[in-house]
Amino acid sequence: MLIEVLENLFKKPITITYPIKKEAMPKGYRGKLKFFPEKCIGCKLCMKDCPANAITINMTADGKYEAILDMGKCIYCGQCVDSCAKKALELTDEFDLAQTDNKKLTVDIHAEPEKKP
Amino acid sequence: MPEMNSGEFKIPIGPQHPALKEPTSFSVALKGEKIMGVDVRLGYNHRGIEKACEERTYIQDVYLIERICGICSHSHSTAFVQAVEEIAGLEVPKRAKYIRMIIGELERIHSHLLWLGVAGHEIGFDTLLMYTWRDREIAMDILAEITGNRVNYGMNTIGGVRRDITAAQAKEVMEALKPLEERTKYYIDIATQEPTIVERLSGVGYVSKEDTIKLGAVGPTARASGVARDIRRDDPYSAYDEIPFNVITDDHCDVYGRAVVRLKELMETYKMISYGVMNLPEGPISVRAPRKIPAGEAISRYEAPRGEDFHYVKSNGSDHPERVKVRAPTLANVQCVKKMLENRYLADLPIVVAAIDPCFSCTDRLIEVKDVDKKSSDVIEWNDLTRYSIDWYRDRGIDMTKVGGLK
Amino acid sequence: MDAEETKQKLVSKFVLPDTSIRSPRTRRVFMEIDYARFREALEYSYNGLAYKALAAITGFDEGENLAFMYHMSNEEGVVLSIKTFVKKADPSLMTITDIFPGADVFERELVDLLGAKVEGLKPGDRYPLTDDWPAGQYPLRKDWKVENLGEGGSCQR
Amino acid sequence: MHILFEVFIFPGVLFLFVFGLWAEFFDRRVYARMQNRIGPPWFQPLADIIKLIAKEDLIPEEANVIFFKAAPVFALAAVLAAFVYIPLWSTNAIASFYGDIIVVLYLLTLPTIAIFLGGWYSTSLFARIGSVRNVTQFFAYEVPLLMGMLAPTLLANTWSFSELTAYYHAHPQYTLINLIAFVVCLISLQGKLEKAPFDIPEAETEIVAGGFTEYSGRLFAMLRLALDIEMVVGASLIAAVFLPFGFGLGPVAGFAVYMAKVISIVFLLSVGRTIFARMRMDQMIAFCWQYLVPLSMFQIILNLVLKGFLS
C-alpha cells in the first residue's frame, strides 16, 4: 500500500475540474430532448409512453404541433424517441441542465425555427 | 440525556447518520462499547412503486422499476421484463439475451467496486474508497458508451434490448477489462494482506451457515457463509445457461469472507464478459411486443450484485399489470444483521451493516405523505429559517440581502 | 427435486384438482389451497419437500377475498408458490415466523399494506409505513386512492 | 519588548496560527495527492476558520455552558503555552527553566482533557461516547509517549529542553541510539492528534464527530485551531528531542532547517493516515501496550546501560 500511495503522490490527479473542464459525452448519450415540429404528425404516442408525463404535444392554431417539455420531470430514458415513428424527437448530449429557477426547466418548442432551444 | 441505569443506554444510528448513505434507523443499546441489542426500523424510503406500477402501462413500468435502485437498475428492469415476456410468451432473440448478460455483469463490476470503497470508508480507510471509486469509473464509462447513461441504463424493453453492442464497442469493452482485472487482483492482495484491514474485517459479523439458511440470506452474504446459492446457476436466465462460470463461496462466515467472495466474483465476471463479447450471436436484438399483455402470472428471479431479486407479475389482459411484487436482496439480508451484531462492538456496526451491501431504496417501495398539517415548535419552516439567518447577520453588521441576493 | 416431482407429490398428498396446481414451465409450481389446509401444505413443503427458503409473500386484493401467495424455493432453483385465501371481512391468518424467521418483514408488510391481521407476530416496529399513518388505510387494496388520505396526503405537485 | 514580540508575533502566537493552518493545508493536500485527488487550495483552512467565526454559536440546551465554552479556550491556550518552551533553531527556547520538558508534556495533555470535558458536558450521546473514547485512548498512547521522551533525557541527564538540545548538539552520534524511541513517539503523536489509524474518538462513520459533535461557530473554530497548532507543536517537540541538527546556524538557515524538520514529520503523519484503516479501541490499546510500551521500556534500559558505560 505504501508504494502505491507514494507513486500516486507524483501522478497527475484524476479529478476532472467540472464546470471549468467538461468531459465529452459518448455518442448516443441520453441528454436533453430536441423536437422537430415539422416532422410531428400529432399521434401523441410519446405522450402515452412517457413514464414521467414530461412531454405534452399540442396542436397550435396554424395546424402544426408544439411540444412542451418539462426537463424537471424528464427522466432521460429516451422511450419517446423509440416510440416516435416519424423521428420528430431526438436526444442530444447536453447534460448540464440544472437551473435555479423552476420555470426555466420547461421548454416550449414551436414550429417557428428561430425559437429552437 | 442517555439513560445511565444499569449502565446501558440507547443511541440512534440513523435515519440520518454519516455511516448510512441511505435512510434507515438502527436503535442500538450499548453497554460501554459493547452492543447489547439492535432494533432495525425500515421503511424511510418507501415510495409506493408497487402501487404505482398498477396504475401505469407496461412500457412505463420498465422505467419505473428501473428506478427502484440506482446501482442495480439493470437487475430490476431485467427481472421485470423477463416476467412480462414469460406471460406474453415472447421468444427473446439470443443476441438480446447476451447483451442483457453483458450489461448485467458490467453492472456487477461497478457495484462490487463501489461496495469495496464503501467498506473501506466505514472502517476509516478513505484511501481505498478513493482508489476503488476511481477505478470504477472505467466500468461506468463503458456502460455510458454502450447504453447512453452511467446509471439507469434504459437498456431493456419488453421483447429484447433497445441498443446493440457494435464491434467497436465490443473492442472497447475488452480493452477496459484489462486494467480492471489488474486492479482487482491488487485489491484482493490489499484486502487479504493489509494488516489493519484484515484486523478490522476478520471475525466481525459472524453468522453461521445454519442461521444463514434459516434467515434466508441471499447473494454474497449467503455465499460467504458457505451457502452456494446463485440464481445464475440454480435458475438460469438470459444467457447464463450457456456461459461457463464458477460460483464463489467462502466459509469464513464473516465480513472478511464477504469481501473475498465479492472480489473473487469480480474475477469470474471478467471471464464471463469476455466470453459473452467473443461469442455474441448474430441476429435481431428485439421482437415486437404487444401493448396489451394476456392474463397470466410469472415469477422472475435475477442474481443482482447484492443477491437475489425476486419479481412476481400478474396481468389481467389490459395494458396495466394487475399486481407487481418486488423483493430486493437487502430485505432478505437485513434480517441477518441482528444476528451478526450480537456481542460485537459499536465500532463494528458500520462495517457489518455495509457488508450486506444494503440498498434501502430497493428494500422499501410505497407512498409519501407530506405532513404539512402537523406543526410544532420544533419545526422551522424554510422561510422562517431564512428570515432568522438574515436577522442574525444583520445584528452583526452584515446585510445578507445585499450580499447574497437572499429575499 | 424438480417441478414435476413436486407437483406429483403435492397432488397425491392433498388430492388437488388440475385447476389448483400447475407448472407453467420448468422450475415453477403454482398451487392454490384453502386456508384450512394451508398450514399443513406449508409444513409439508418445508419438511417433506425441502423448500427451505422463503423468497417473498405477495398479497392480493381479490374483491371478496384477500389472497396471499407464499413463494418458497429449494436448492435446485425451483420456486413453489402456495396461494391461499381469507375473507376480506375477517382477514386473519397465523404467522409463519416459527418456520421461517425471516418472514417477519413480509408479514408486517401484509398488515400495513393490505390490512391483514397476522396473529402471533412479535411486537415491534411497523413496516413499511410511517408511524403516524392513519388507521384503516391500506394502500394496496384496489379501492384505495391517494385522495383517501385527505389534506396533505397527496404527493402530486 | 523583545520577549513580547517573540511570544505574540514571531515565533509565537501569530506565527503559530499561520503555520498551524498551513500545516493543515499541507496535510490535507498530501493526503489528497496520495489518493490521486487534487485536494484543497492553500487558503482552504483559513477560509474554513473565517467561515466558522462568522457563524452563530449553537449551545445545546442541556449542556453545561461554562465547561462547553471554556474547553476550546483551554485547549488553544495550552498548546500555545507549550510552544514557548520548545527550542526551534537555537538551543535556547523563548523561555526555559529547569524541568520544562515535564511542563510541556503536561501542557500537551490539556487539549485532550479539554476536549473530553467539552464533549462530556455537551450531553450529546455521540459526544459522550467520543469523550469516553478520547480518555480511553489517552491512557493508551500517553504512557509510551512519556517513556519515549524519558529515554533521551536520561541519556542527557537533564530535565530542560535547552540543555537537552545542547547535549545532543554536542554529541550528535547519540541521537541514533534514540531511534526506537523516535518511532514510538511518532506513533504516539499520531494517537495524540487523533489521526487514522487512531482516529477512534472522532470516527465519523460510528459516532459522527465524537466530542466535537455539538460544537459550531467560533468555539469550533478555536478547537480546530488548537488541533492544527497541536500538530505543529507536537512535531516541533519531536524535532527538538530526536532531530537535534542545525542548531546555531543563525536565524535564517536555522529557520529553514526547522521548517524542513517539522514538514517532514507532518508528512510522515500524513502517510500514516493514508495507508491504514481505523483500528478498533481494543485493538489500539492492545497495540500500544503490547508493542509500544515494551519498545520504549527497552529504549530506557538501553539508555541507562549506555549511560553507566559512558560515565
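Residue numbering begins at 1 within each chain, and the chains themselves are lettered A, B, C and D in the order written.
Just so it is clear, a residue touches a chain if its C-beta (ideal position, glycine included) is under 8 Å from a C-beta of that chain, and two chains touch if they have at least 3 such contacts.
In this text, all values refer to a predicted model and were calculated from it rather than measured experimentally.
Q: What is the identifier of the chain with the smallest separation between its Cα mean and the overall Cα mean?
A: The chain sitting closest to the overall C-alpha centre is B.
Q: More C-beta pairs touching across which pair, B-D or A-D?
A: Per the contact counts, B-D leads.
Q: Just how far, in Å, is the C-alpha centre of chain D from the one of chain B?
A: Going by mean C-alpha positions, chain B sits 42 Å from chain D.
Q: Roughly how far is chain A from chain D, going centre to centre by Cα mean, in whole Å?
A: Distance between chain centres, rounded to whole Å: 53 Å.
Q: Take the average of all CA coordinates in chain B, do the same for chain C, and state the distance between these two points in whole angstrom.
A: Distance between chain centres: 25 Å.
Q: When the C-alpha atoms of chain A and chain C are each averaged to a single point, how far apart are the two points in Å?
A: 42
Q: If you look at chain C, which of its residues touch at least two other chains?
A: Not one residue in chain C touches at least two other chains.
Q: Could you check chain D for residues that touch two or more other chains and list them?
A: 34-37, 274-275
Q: At least two partner chains per residue is the criterion; list those residues in chain A.
A: Expected reply: 1, 5, 14.
Q: Thinking of each chain as a vertex joined to the chains it touches, would you call that graph a line, ring, star, complete, or other?
A: Looks like something else, not a line, ring, star or complete graph.
Q: Let me know each pair of chains that touch one another.
A: Inter-chain contacts occur between A-B, A-D, B-C, B-D.
Q: For the complex, which residues does chain B have touching chain A?
A: On the chain B side, the touching residues are 56-57, 59-64, 66-67, 127, 131, 134, 137, 141, 144-145, 148-149, 152, 154, 157, 162-163, 186, 190, 194.
Q: In the complex, go through chain D and note every residue touching chain A.
A: Touching chain A: residues 30, 32-39, 271, 274-275 of chain D.
Q: For a test of understanding, state which residues of chain C touch chain B in their complex under the given definition.
A: For chain C paired with chain B, touching residues are 24-25, 27-28, 30, 52-56, 58, 60, 69, 71, 73, 75-79, 81, 100-102, 104-106, 113, 124-130, 132-133, 139-140, 146, 149, 151-153, 155.
Q: Show which residues of chain A lie in contact with chain B when the two form their complex.
A: 1, 4-5, 14, 25-26, 28-30, 48-52, 75-79, 82, 91
Q: Touching chain B in the complex: which residues of chain D?
A: It is residues 34-37, 54, 56, 62, 123, 125-126, 128-129, 133, 196-197, 199-200, 203-208, 274-283 of chain D that touch chain B.
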